[in-house]
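Pasting the structures in now, so scroll down.
The following pair of complexes shares a single chain, chain A, combined with chain B in the former and chain C in the latter.
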Partner chain A sequence: MRKLIIVLILLPFLITPAYAIELKAPEVPESGADWMPESTASFPDALMELLHKALLTLQPDLADAAQISITVTCIIMALSMLQSFSGTLQRIASAAGAAAIASALLNDTNSLIRLGTTTITELSDYGKLLLPVMTAAMASQGGTTASTMLYAGTAAFDIVLSSLISNFLVPAVYCFLAIATANSAFGEDILTRLRDFIKWLITWTLKTLLTVYTTYMGISGVVSGTTDAVALKAAKFTISSVVPVVGGILSDASESVLVSAGLVKNAAGIYGIIAVLAVFLAPFLKIGAHYAVLKLTSALCSLFGTKQLTTLIEDFSTAMGFILAMTGTTCLLVLISTICFLKGVG
Partner chain B sequence: MNGLREYAISVIMMAMLCSLVLNLLQSSAAKGIVKMVCGMILTITAVAPLCRMDLSIQENLSSSFLAEAKAAASEGEDLNRDALRAVIKQELETYIQDKAADLNAEITAQVTLNNGDPPLPSWVVIKGDISPYAKQQLQKILQAQLGIAKESLEWTG
Partner chain C sequence: MEIFGKSAAGFLIALILILSLGKEERSIGLLLTIAVCCMAGITVLQLMEPVLDFLQALQHLIHTESSILTIVFKLVGISTISELVAMICSDAGCSSLGKGLQMLASAVLLYLSIPVFEMMIGLIREIMGGL
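Our next item is the complex of A and B:
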């Protein structure tokens, strides 16, 4: 007991002071916690573990999607029998078929759209927590101008993207589905152009936003990187002009602090990237599985179903494609910014 | 969810109604006009919710993210400065103690740095037994190699 007390008293004196810069990436959100690899020290290993877990959960998603696909195929088969009648019955069958397919797919599509928007919010929120950490880490490595520009640009684009997605693009997807269903039920193809316009608008908005963002990142990286590199060189020159021995000590200290800051930044960045992927992969694969199965269903149904109804299934799969694109764009935004922070100074 | 269901049902019902009306007018001369009216009604039903959307992203954009960026970068610079000061202080203290050991003096040095960029030693407190000769030699070394003037040294027994 006495020895233990002595050890406990002496223990604080054995602790050597550590002067490393302490910055940690925010904890992975709850939705990605189960997917998070045990260690993120090695990026390839963590990525492999993540992909392995992702592939394991793909099977139940495919089974769910297949169940819906079978229901839709059965509806199309039943309707194709009714299509053999001519006149009004054929048209009524076509309209009723569109309503039946829409009601079979709408519930599932709606839950996937909700999953997508929840994931987008989570990714955006995590990005907002990761940004200050990466900015501080990059600034501590001498990249003050670059990190400020990256933060400001990413935050601005994130606000624009998340506002556009929640206020415009998601309602536009619902509108697209409603128009596609109405077009199919109406059976006169008069809403085809309007449906195609909404499709084009959603795709164009996402593409343009991502292109503008990547261009901004490229230009700001070059401009601010050069400014920071010049500032770092000037600082090194100032240090070397001090009294020889002090200059050497300062130079060594500065170098070791920069190396330490770089290591901290890399660790935070890699954890951040893996955390973002952990949040993103499960919903992305779930929506992706439904998307692929619906595409397959549409292709199969085109063998015996009418063009109108097959196109409706195709439109539902396109809507899922939109949600995939929105989730992917938000994820890319966070990943690109983190990679730009990781790229370093100069 | 209820809003969505109502919206979907209203669009689908409207489309079915239009389809039915068009079927009733199979060979009528007014079919063209009815078709146009149906198309307009359907478009309004489907697109109306989009027109009521709130696209006010300006309010969010005017938020202080640039100030936040500067604050985060400034935090990083502070971290760098603190870490640099700690390393320099430790390196200088070790250097002074090593030089004193070379002169057979066992001392502990406590360095105070100024607030300059880069931070330089401004005051040194040296504790321990040291001979007058070693003290003089150490003073010379500190002056020549670390730029610490004699007046900036405090000797405590």
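Our next item is the complex of A and C:
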């Protein structure tokens, strides 16, 4: 009896506090905070608000791009007068023209490349915070296998993509620009081939990585989702058949818990998607505006300018296209994985 | 268009006159060529005035990088003048003079292009430093 009393006295000391994990999407990074809609309850409304804010701030970027476009157009228009000339003079003037166009465009292109890489890092970092939350939410809904596979795949691809972009693709874009400028100045065939090779390499790397990632997501989603659905069904059947009398009620209650977990997951996922878009949209539109204006300038200059100089503008716009593609790929990676998590079990 | 038609007619008349002068009065023919070229230069300047005004208006619009544009305009001017003079020289049978002038113009073009190349190399160094 004495032992029993002692045990009863000591038992309350063994109680440790336990809390439910708060499954909440991480706060949006500072760069996207201004763009974040007031409410993320309705996905279409939030998306529209985000687009509206982003489009409103596009005007200064378009003005910057237009200034650079005018500078380049002036240079090409002036140099177009030398097209009928032959010999050394024309070659020297063309080389100087290529250097002038490169000088006018390099500063802007460099700042846009830096903006792109910063956005990529921010998206990757936000994904590293968001995806564990989505994994936990999906696991609590019964998708343990699917969440593990999705998280492992996304994390691996994110690491590969981030390091590829910072260590290989961005230096390759700078290399592409340097070769394109030299090609425009000297017009050597070997430089044209080298430039085309770098262009192909960057495009191929990005396309392959995204294809492999989407294929992995498709296969893992189907396989693991089905496995989890079967496991959940078996668990519910076991509860309702093994536990007498209240088995059916317990099984229904577990269904309610799963639905609640699904709601929490959806709320976190939608907030996460909006946050990713808030970080991504403004830089993407800024780079996109410069890309579009350069494409337009290239088309306009091809009417009166030499092929060498027009190709140089085209190459600079291609470099911006690469940055757009890299930023877009990183954003897609986070978005696709979040949507896969949202898809749920089965 | 009217000015161009008149200029083309002037060129044809000058050609007929030069051909009719014969080999004995070659110096007169050369002077006539120079005179026609000068007239053509004046016509070009007249025609180019609106173009140059437009380019200047564009230069005012952009505020920045005007030094680059000034250099490019100088390059175009020097190239045009030296090409024209070199052609007259070669017509006069003094092609070595024309070649010499073109060499001089090439050196001037290179000299004038140095700030542009320096600007580009500076930007490249800045980018390489940031990488």
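Assume the second predicted complex is superposed on the first by the 313 of 346 C-alpha atoms of A that agree within 3 Å, B and C clash if a C-alpha of one lies under 4 Å from a C-alpha of the other, contacts with A are read in each partner's own complex, and residues count from 1 in each chain.
The definition used in the following text is that contacts are C-beta pairs under 8 Å (C-beta built on N, C-alpha and C of every residue); 3 or more make two chains touch, one makes a residue touch a chain.
Treat the numbers as computed from the prediction; the structure is a model and nothing was measured.
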Which superposed partner A:A282 touches (first chain B, second chain C, both, neither): neither
Greater residue coverage of chain A in the superposed arrangement, chain B or chain C: B
Partner chain in contact with A:A104 - chain B first, chain C second, else both or neither: second
Which of chain B and chain C A:L82 touches, first, second, both or neither: second
Chain B versus chain C as contact partner of A:C331, first or second or both or neither: neither
Touched partner set for A:A95, first chain B, second chain C, both or neither: both
Partner chain(s) touched by A:C74 [first = chain B, second = chain C, both, neither]: second
First, second, both or neither for A:P171, with chain B first and chain C second: both
Chain A positions touched by chain B in one structure and by chain C in the second: 88, 92, 95-96, 99, 102, 106, 110, 171, 174, 178, 181
List of chain C residues in touch with chain A within their complex: 51, 55, 58-59, 61-65, 68-69, 71-73, 75-76, 79-80, 82-83, 102, 105-106, 109-110, 112-113, 116-117, 119-120, 123-124, 126-127, 130-131
Touching residues (chain side chain A, partner chain C) in the complex: 67, 70-71, 73-75, 77-79, 81-82, 85, 87-90, 92-93, 95-97, 99-100, 102-104, 106-107, 110, 114, 171, 174, 178, 181
Residue ranges of chain A in contact with chain B within the complex: 17, 19-23, 88, 91-92, 94-96, 98-99, 102, 106, 110, 131-132, 135-142, 144, 147-149, 151-152, 155-156, 159-160, 163-164, 167-168, 171-172, 174-175, 177-179, 181-188, 190-191, 194, 235, 238-239, 242-246, 249-250, 252-254, 256-257, 260-261
Residues on chain B engaged by chain A in the complex (per definition of touch): 1, 4, 7-8, 11-12, 14-16, 18-20, 22-23, 35, 38-39, 42-43, 45-47, 49-50, 53-57, 60-61, 63, 65-66, 68-77, 79-80, 83-84, 86-88, 90-92, 95, 117-118, 120-121, 145-147
